[in-house]
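Chain naming follows the written order as A, B, C and D, and within any one chain the residues start at number 1.
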């Protein structure tokens, strides 16, 4: 059971890290960025290719990848979100345009094999790979019958640190205040001289950078990097997480992440494995029915 | 392109060699309509994939275990889907916009991963073969019912029912001030949508031989949404065109085979940006020019309400 | 360039050998000349989407075979033409593509589709159109001959050259238990795709007869992010064997996690293990993981050696099981066509003739000596292999067909 | 004739605020009953209680009728509507994307049989009823003065403001109500349109309809109502004939605010108001001293929302150091003018220059950076941020953090409420406190020109005084101010010059004193 609880915490921190970026965009822009999972995937893929194909040391590769993912965030803002915002299209159309981007990102990686257009980015097509052994040290400790994996501990620490930093920025810095101001009332924010569009762009940058980071940590700790890790493994779980925590709430996303990890593992241990996959969504459904604003409920406004 | 060449030079052969595609278009069109109905009443739901599953599985299971005529199986599947729709609607219809959408996603996945994969009678992960399947005959009921359904829905939107839906979509508060029982009419839309989705699901099992859980995932739900939104949700023609367009797209752009999904995505984005109201919508064939930079600086719709 | 030519000539020699052997294989068909004709084949493969892990390999194998045969004078002078279509790993599209190919009218046979789910939709279609279809990668149950399952009438036009899990898994378990006499095992199975849960059922059905007690069956979803929980549960039962029936990267992820958690026992599995990618991903953790395979890359008999060489020359990378089975698929069809006295005028008739000829196939392929059973399933040597911990495989033993 | 609607001791509070506080009134059937009161007096809340949008917390609301009276409290809005209570909305709530016809047809919902079958089988036999309905719909449009063949097929959103108001009335009539509640039907209309509305109301009443009329426009209300009740801060302060009510001193106070005795008018809990903080003076000294020059120049400004032209050929200018007031009724276009100056809206024509920048093209944030700052209507403080954070954000455009912090401290000692509440979410402040916060926030941006939109909106009289004191002070400290007010007389007290805006046009202009004496203005704001 201890082992399983540890497992829960590790999964939780990955969920949380993914969801933080997800929820940030929703909180500030009122749109669900369905390309977030694709950026998550690219975070892992880019890091991998920099290490395995271009032979950079892992840390360098990671930093570069995270930055690139941030830029992808800007791409999302400029291609999929801003044009729609300009003409007051309903948030649902942003849903579709981000789906479109996600499709493109995944397809590009999925089709990249040696000798193709994108072989510099990825060479294993739809296959799933892991970082070359030795690229990163991955010690494993066995203490009192429990297994502690270095990489996972790494993730745990990183994600907690990051969330603290992010939390601090948002709560105590001028930029953070501006962010919350825009989230609450774009008009008022504008009248204070805040360039709302710039805030949106930087939100996308940060959110996507976080998403990318989450992705590469995922690939590292679970030795699984493929075009589908975003879409299949975390996208919907991430949704469940931000709903549990309260859509748009950063602490909500963090708590929600760990909560979901716990729920899943408990369900797995108590009621057997086959229920585990469904439980996240049952939880999501119930939470919305019982308490739509989630645990750390922000206000609910109509969004359609 | 040879897709069109064949279509125009030799329609008969085109039909013979694309019957399944056409059938699939029909099914998808019905699904898109089922989403359109709820959308028309101002609700964004993704539950259709789940209702589909109910319809499909019920039909197949019945034809496996009960010696009843096929229509009975299909009818039962459809009605059951409607019933499930009602039960799901009770709790979720309080929710609005994206929240309703997400709740319904929860329903779909919980149904798929939680129920279908754990109830032996559904064949779990292995899925179920449909003995009654007849890919070439299966197209008939589809092609027959699509126009009927389209017509019915079109007339509904013209009837008192439709006016109430439109009113609720436009402004729930004003609607109730006109004596419209908002909750009731929302539920009606939701259930009708469920019935249609269930029916489509039931029909689909007869053009492919096999039902398995993977088909009734959120991916499918979102696909249905894109049919409707890309096609346009101002009138019932939109979803049909959307389904037609997006379903045949993979066949049309086979040339781009490897990067088909890229093309898919690009087209999706282009449509949503240049035709925000969908392919079929008011404003004829006007193309919306996006103002890439703040020529006409606006903040949301919010400003227009001040003054 | 030079050695590439060699590769091809060897392969050619092979094909001829194959035909020779075929005629010794009992058929008395005089090989009539097809000079200037074309034998059109169609393949439905998953080049994009989830099946993209397998489809492309199959395609490479087939293309290589077609090229080789055509470069060596074709089939009684007739050229082979292969039309490969992607089904995007989607069942519905798979059936649509199949119908289009069939209705184009001049195809004599189809290969594929890649995924079991699609096969279930496509095969009955081919059957009802009376066109031979050869599955080259599907290993689930109810593929042949009962493509109409649960209807009992056998499918006459459906064949496969990919070793089914029904043969591979039991053979593998048999070999291992005869060697190591494991007492206990735990099954880890993905419950949301046909291939995996088929495999699971087979394992459950097999273990008993070798006195292995299945302590637990842990199901999981393909969408599981972290396999620590299922693995923990399995490892804590500390079984002698962990059976894994799943696809893609999952087996590797499980092995890695299990080793981290201190599992020292044996991994047994099926076709899910048999690609170099999996072995590579599993790395050291996978060392010794054992499975039954339809093909083994290091087999030295000429029909395989030359295939592997030609493949490396053409694509600059190692072939995998799916490439081999795709390649074999073309050889099989070519050989059958050779003996089928095709008319090239009456397509329906030719399709049936081809079908009849296929039933009598008996040739050397990269998979080994190949025949069809009376139920159109694979009759070949099963190669029991182990991951070598460095992205490759070692042969444990070969089990010749009963 | 008995009472059609009876309210007894109806109460409703939101959080701490008593929105409707024990109101009782009776509406005789067949009469026109007026309900007036300053903004935020609880008029609309009362309507929402009657129509069931907000459940009353206590008291009873009874709809009289032939079959005895029925209790409305705690019924669903749609039920109440079907019982014959129809309403229009203060903020237009038309189905903007439906045609005028469809709007009316939807209105008939409650009085219409389900026609699904007829619609599905559109046989001639079935067509008579729909045709009858269409006829009725066009009759209703006629009745409110919209030509069916001209407007019937146009989307509601594309109609002019006045026509939309009319259409909303037609939609309300479609339910064949016994009681019609009109919530500010004449808001933002010019005198001609208002006269039309008055005639329409009279007409409807003559046809035997009982009407509850809520409006700001005294002329209108006084003109048509048989009886009037006045609300202020949720309480009924007067009830009687137009004459009685307009004579009532309490009513006049409520409308004009107390004539603030300059002495001892303080922000509640304010310390010595004279502490005009040292460094603010320092930073302003120059500004105050500067010879006054043209600061803002607006000429022939025209702004439109879609089809509706909200502002037309507006021209005015502001010299450095002035206080200029724009006064006028709701929806007259004052706020639109401010938002255009702030760059949130773009004019269709005309020019607006502030110092050396062109306001019609500069982005809102750069406009603020150049020192043109708006304190928006309804405060728009960031409710979920603390008072302190709101202030910090006020200085977003500045980089001199230390100075900012000093000023914040100064402000919080100057307005002790802000000091004491600094760590509370701004949403928890009272209206007046929020207004002060909003102004303080605006000051932190170091404005050269400060736009104040309705600073006294919905404030208690003594709060109004406090706010105007603050305005006077900051003006004395050298900030130029453009003030938009409904509370005309108070605005005119402080303003150097003022412009009277009506339906998007500038009607009159002159010094504050002149306008205060101007009978036209008196009339416009006091009726009688």
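Assume contacts are C-beta pairs under 8 Å (C-beta built on N, C-alpha and C of every residue); 3 or more make two chains touch, one makes a residue touch a chain.
Bear in mind that the values here come from a model prediction, so they are computed numbers and not experimental data.
J.: Smallest number of touch links from chain A to reach chain D?
T.: Counted as steps through touching chains, the separation is 1.
J.: Just grab the chain with the largest centre-to-centre distance to chain A, centres being mean Cα coordinates.
T.: That would be chain D.
J.: Out of B-D and B-C, which chain pair has the most contact pairs?
T.: By the number of C-beta pairs in contact, the winner is B-D.
J.: How many angstrom lie between the centres of chain B and chain D, each centre taken as the mean Cα position?
T.: Comparing mean C-alpha positions, chain D is 43 Å from chain B.
J.: Quick one: chain B and chain C, Cα centre-to-centre, how many Å?
T.: For chain B versus chain C, the centre distance works out to 37 Å.
J.: Just give me the whole-number Å value for how far the CA centre of chain A lies from that of chain B.
T.: Inter-chain centre distance comes to 29 Å.
J.: If you average the CA atoms of chain C and of chain D, how many Å lie between those two points?
T.: 75
J.: If you look at chain B, which of its residues touch at least two other chains?
T.: As it turns out, chain B has residues touching two or more other chains at 113, 117, 258, 260-261, 294, 296, 298-299, 303, 306.
J.: Could you list which residues of chain C touch at least two other chains?
T.: Counting only residues that touch two or more other chains, chain C contributes 48, 191-192, 221, 223.
J.: Any chance you could list the residues of chain D touching two or more other chains?
T.: Where chain D meets two or more other chains at a single residue, that happens at 344, 363-364.
J.: I'd like to see which chains touch which, written out pair by pair.
T.: By the stated definition, chains touch in these pairs: A-B, A-C, A-D, B-C, B-D.
J.: Show me the residue ranges of chain B that touch chain C in the complex, using the header's touch definition.
T.: Residues in contact with chain C: 13, 16-21, 24, 64, 113, 117, 124-127, 129, 131, 133, 135-136, 207-210, 212-215, 250-251, 254, 257-258, 260-261.
J.: Inside the complex, what are the residues of chain D that reach chain A?
T.: Against chain A, the touching part of chain D is residues 342, 344, 363-365, 367-369, 373-374, 376, 380-385, 389, 392-394, 396-397, 441, 445.
J.: Show which residues of chain B lie in contact with chain D when the two form their complex.
T.: Going by the criterion above, the answer is residues 151-152, 155-156, 158-161, 163-164, 166-167, 170-171, 173-182, 294, 296-299, 303-307.
J.: For a test of understanding, state which residues of chain C touch chain A in their complex under the given definition.
T.: 48-53, 56, 191-192, 218-230, 232-233, 236, 248-249, 252-253, 256, 260-262, 277, 280-281, 283-284, 316-317
J.: Looking at the complex, which residues from chain A come into contact with chain C?
T.: That would be residues 3-4, 7-8, 10-11, 14-15, 107, 110-111, 113-114, 124-130, 133, 140, 142, 147, 149, 218, 222-224, 226, 228, 232-234, 236-237, 264-265, 268-269, 272-274, 276-277 of chain A.
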